[in-house]
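As written, the chain order gives the labels A, B, C, D and E, with residue 1 at the start of each chain.
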Amino acid sequence: GSDTDKTEKKANVKKVKVAYAQNSKPITYTDANGKPAGHDVEIMKLVDGLLPQYEFEFIPTTDDDLLLGVEQGKYDVGIKNTFYTEARAKKYIYPKEFLGLSSFGLVLRKDDANIKTLADFAKAGKTLAPIAANNAQYTVIEEFNQKNPDNKVKLEAGDAFTVNVIAYVSEGRSDGGAIIEGQYDQKVRSADGPYHSLDDKLVYNEVDVIKTWPLFNKKQQELADAYDGAIKQLKAEKKTNELSKQFYGRDLYEVLAKVNR
Amino acid sequence: MLKFDFVYLLEQIPKLVPYLDITFLVLILTLFFGTILGFILAAWKLGIRPILSKLAYAFTTAMRCTPSIVLLFLVYYGLPALASIFAFDLNDLSKLFFVVTAFSLSFGNVMSEIIRSSYLAVEKGQYEAAVSVGLTRFDAFRRIILPQAAVVALPNIINSILTLLKEGSLAYTIGLIDVMGKANLLIAMNYEAHALETLLALSFIYWSISIIIEKANELLEQRLSKGRTFVKTV
Amino acid sequence: MQTLDLHFMWEAFFIALSGAPITLLITVVALLISIPVGFFFSLIRLNGTPILDQLCRIYISFVRGTPLIIQIFLIYNVMPILLERFLRSTHSTLSVFDVNPIWYAFVVFSLYTIAILTEVFRSALKTVQKSQLEAAHSVGLSTCAAYRRIIIPQALVTALPNLCNATTNLIKNTSLCYALSLREITLRAKVAANPGYNYIEAYIDIFLVYLLICSLVEYGFKKYEKKLKAYQCLSA
Amino acid sequence: MLEVREIRKAFGNQEVLSGISFSIEKGDVAVILGPSGSGKTTLLRCLEFFEQADSGEVLFDDIDVDLRNVTKEQIKAIRQKTAFVFQNYNLFNNKTALENVLEGLVIGRKIPKKEAEAIAKEALDKVGLSDKYAYYPSQLSGGQQQRVGIARAIALSPEIIFFDEPTSALDPELIGEVLATMKKIAKEGTTMLVVTHEMSFAQDVANKIIFMDGGSIVEEGTPRQIFTEPKEERTRQFLKRMLPEYTYYI
Amino acid sequence: MLEVREIRKAFGNQEVLSGISFSIEKGDVAVILGPSGSGKTTLLRCLEFFEQADSGEVLFDDIDVDLRNVTKEQIKAIRQKTAFVFQNYNLFNNKTALENVLEGLVIGRKIPKKEAEAIAKEALDKVGLSDKYAYYPSQLSGGQQQRVGIARAIALSPEIIFFDEPTSALDPELIGEVLATMKKIAKEGTTMLVVTHEMSFAQDVANKIIFMDGGSIVEEGTPRQIFTEPKEERTRQFLKRMLPEYTYYI
């Protein structure tokens, strides 16, 4: 009975290796029980649920390995809050449908609350906490600098391991730091956030809301198409809005109209 | 800056300790395979066959010049790619396999230089005396040369073992979670808030292990040094 | 498998190479500090000098026993904050955060290399017979002169291969300076790779640059080892 | 039992052995005499294959070795039948006096531990070291080390023993004792090739004297021939120093 | 010029020197005789501070040293005035024969390089090594190494030289030459303390014989006294071996 059913089913089901960055809570991370979790992961789980012909296996790893691994075919798809750039599109398949929205902004001390854009920030000659080179935020700011050669943000590459943006800014080690709003929420705004005590000293100023994408290996066009179908359905069902609220504390789809990248 | 939270530090220790099994597994497997490789390479370097010795030296140069992360990626991506040419699929192999392979290559290489230099530090007369009383080359090595060379080699071997112990951060880059990886995850899960406490807890664990290793080494060194006198300044 | 972006690789190679001066500067400074200090420490350990020996052991055991990246973290993130508080309390106008991170790198890597070299030298000194020192004393050499002219040249023969290992490891370890936002080889290559996600090419470049530097260093060591060994080989 | 033909050996372009040929029979005690630097040690070392000779031939019992291409088996076979007493002792630094002697018996000759220990102790007793079993080389005086080296070789009861100045560090009293021991072993039929400056041994025990100078054999013969009527001027000159003593002993 | 009082030295609980006292005057050539293991080397090593004696006193010229607490300055001062010839040579492995001799002159005694080289070459020539200047110890025969060791000491022209069996590895011919050299140096006024088994040297050159056994001085006196009418039975027994020779030389 059921045993043969299972094996039969298994035979038709294709395994998909989904690599996720395991250390960017709340977007993608490994939870205390060693299980994959986070906004992007939850969406992919829903996608998996809609695709009976595929079975997703979530593999935790680091940014470097995820990027290399997806390109090489070690993993079929990777999620790590990836933004869209031309160059990346050459290496990976971007599906037609984006995965989620991400509010990206600056964390600043209260005195600097008037700084609303990168241009303001650059003009004021403020210093920015270093950003890991393979982080999408780095690219966004670099692109800004390319477009505004006369008013550049001082950009330094660093490492997430040693650079704690919140601490950097609050201690005055740098004037501002790039951060995803979801993270800022959970760290500072949330009542049980570890930096909640700094809530009245810091501000988060949104710079942009940006679409994030899953990256597919070049050979996985079929999978990407299947993904497109599934995520369309999820968006229609407003499942994505729910997850955005759940993880980012805010329905970013409200500003979708203004999102231009 | 958050207040330093000592209790938090203590709480992290039991969360980290279970992941020591991976750390030790990697360490022991690498020690085993790396040491074998080290002996083979050293034997080639010291041997009389010019091709083998050139080969061994070339391997050493290559290994020395390769950053561990590059080596790990080479093994992790290169090996399956190589195997796929012969229609083997290595992609499903455990990450442990790739980590141990990469570490064994570099550890074996370091060992080969340690073995070579300490072997050469033993006077030739000792070997001659050994074979003159009918010991085979192997016995001469095992019973006379090795114990004397080991005194010289040990401090360097411990240097490399301790380095190896802490290579967890590398294993982590391909997603193999040992204590070091777990510490990273714990930090990430708490939004980098108590990084200091977590890292200190990790250091505490590592340090304890190192102290045990160093103590064992000390005893061994003393035992092997029996009957020998060494230079001092006074 | 995809083809490599050779054009990018070519350009990124030079970008990576342009990080070499920083890498080499850190390496040289760390070696200049840790060779004499490490040697001094190894003497303390060999002599078993009462309190100093214990201190050395604790120091070595801590530095070897904890991950370098954590040491970097401690020195780069914790020390400045403590210093800053201290300076603020003394109303000094100095700002700790303006210090070029390379200074942290000098400190971290020197502290680390000292521990490694102490053990390298200690083992090497053990290969020199005690009677060599006695002979030197007997012809009126001071202990210092005896070490400089007799003991060290003989110990170096054994030390060199391990010293070479330590140096190349140091060079490679400087890649951890990304954590200090120092634009050395690895970081530069990775930053260059970022816009196009040319990570494979970047890693190949990183490999090539290290290969270049380390093989030069190794070549130098080999030459020197040969020279020092002149007195042994002839009989072997 | 040992025949040596035309051994040549050069270090760089300095020829140290320029064609040495001689032969010794079973039970012979042959003494090599010669000034410092004449190549005596080098000759012995070539025979034990510590130094690779440039050319020549060695016949050991039924083993015929062309020194230009020696096989490992030949080396092993010959070393099993020989023992070597080193000019600079070369004791195992990491072993006590007793262990130094035991090593070759237990590991080399595969003699059971118990039995080997009895043999080793007897050998050490013979050279007057019954109270130094547990001493490491670094704790022994020069003469004591030299005697351990001798004990290590004789304990093996090999067919032939090469001695390289076995009594240089000994006092006259001990020289007497050690030479007596060697004499006894010789009587028991062990063949010996001895480099020594000890003329009394050469006269008393040896039945063959080989006089070397500058890498060649200048003269060889029985002690009587060499000491009383040396043919070569060089031999005469070398022996002049010792002749008074010799005269006395005769 | 050198007075030694009650030197004691034990290794573990084995007493190796049990209260040694003697004195030698400027220009003396004192020979220490004694069986192997009697503590001769240990005594010399204590005098050069290679071994720390447990108690005792050394008076060297005007330097008065209590061996229980020696200062670095005293050690340095005394070593500047002495030289040591080691039983096992102890040449600097990483230096050629010439450099071995130069080292003490240039670095120890601060003599200008040129001058030092002349002195060093002269010393090596004296011991018959004029063709081995550029050889490393590993390339020298036992006897050659021993002679470099002697040259290294005599080149320093110290006030006193300690010799520990300086001719053990030499052939009779060379022994003669080296002893002649030592005799010449002695004539020039260098004080010497010589451990040797070479009776002819003891008879010909020494003006004082110290006979040690088991860590104590059994007897001391002029060569004539010791060799012809030893007071102690132990001395007589030890010398018996050599007496025939001695009788001859007389």
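Criterion: contacts are C-beta pairs under 8 Å (C-beta built on N, C-alpha and C of every residue); 3 or more make two chains touch, one makes a residue touch a chain.
Nothing here was measured: the structure is a model prediction, and the numbers come from that model.
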Practice prompt. Treat touching chains as neighbours and tell me the shortest step distance from chain B to chain E.
Written response: 2
Worksheet item: If you walk from chain to touching chain, how few steps can bring you from chain A to chain C?
Response: 1
Worksheet entry | Between B-D and B-C, the pair joined by more C-beta contacts | B-C
Worksheet entry | Rounded Å distance, chain D centre to chain E centre (Cα mean) | 28
Worksheet item: Which integer distance in Å separates the CA centroid of chain A from that of chain B?
Response: 37
Worksheet, complete the sentence: Distance between the CA centroids of chain C and chain E (whole Å) is 47
Worksheet, complete the sentence: Rounded to the nearest Å, the gap separating the Cα centres of chain C and chain D is 51
Fill in: Residues of chain E engaged with two or more neighbouring chains
88, 139
Worksheet, complete the sentence: Expected list for chain A, residues touching two or more other chains, is 64, 68, 72, 161, 164, 167, 171
Worksheet item: In chain C, which residues are in touch with two or more of the other chains?
Response: 1, 69, 73, 77, 81, 132, 203, 232, 234-235
Worksheet entry | Touching pairs among all chains present in the structure | A-B, A-C, B-C, B-D, C-E, D-E
Discussion item. For the complex, give me every residue of chain B touching chain D.
Written reply: 123, 125-126, 128-136, 139, 143-144, 147-148, 224, 226-229
Item to complete: Spell out the residues on chain D that touch chain B in their complex, using ranges where they run on.
Response: 48, 50, 76, 79-80, 82-84, 86, 88, 90-96, 103-104, 107-109, 136-139, 152-153, 156
Practice prompt. Write out the stretch or stretches of chain D touching chain E in their complex.
Written response: 11, 33-37, 40-42, 87-88, 139-144, 147, 165, 168-176, 197, 199, 237-238, 241-242, 244-245, 248-249
Worksheet entry | Touching residues (chain side chain C, partner chain B) in the complex | 1, 43, 46-47, 57, 61-62, 64-70, 73-74, 77-78, 81, 116, 119-120, 122-130, 132-133, 143, 147, 151, 157-162, 164-166, 168-169, 172, 175, 186, 203, 206-207, 210-211, 213-215, 218, 232, 235-236
Item to complete: Could you pull out which chain C residues touch chain E in their complex?
Response: 131-132, 134-142, 145, 149-150, 153-154, 228, 230-232, 234-235
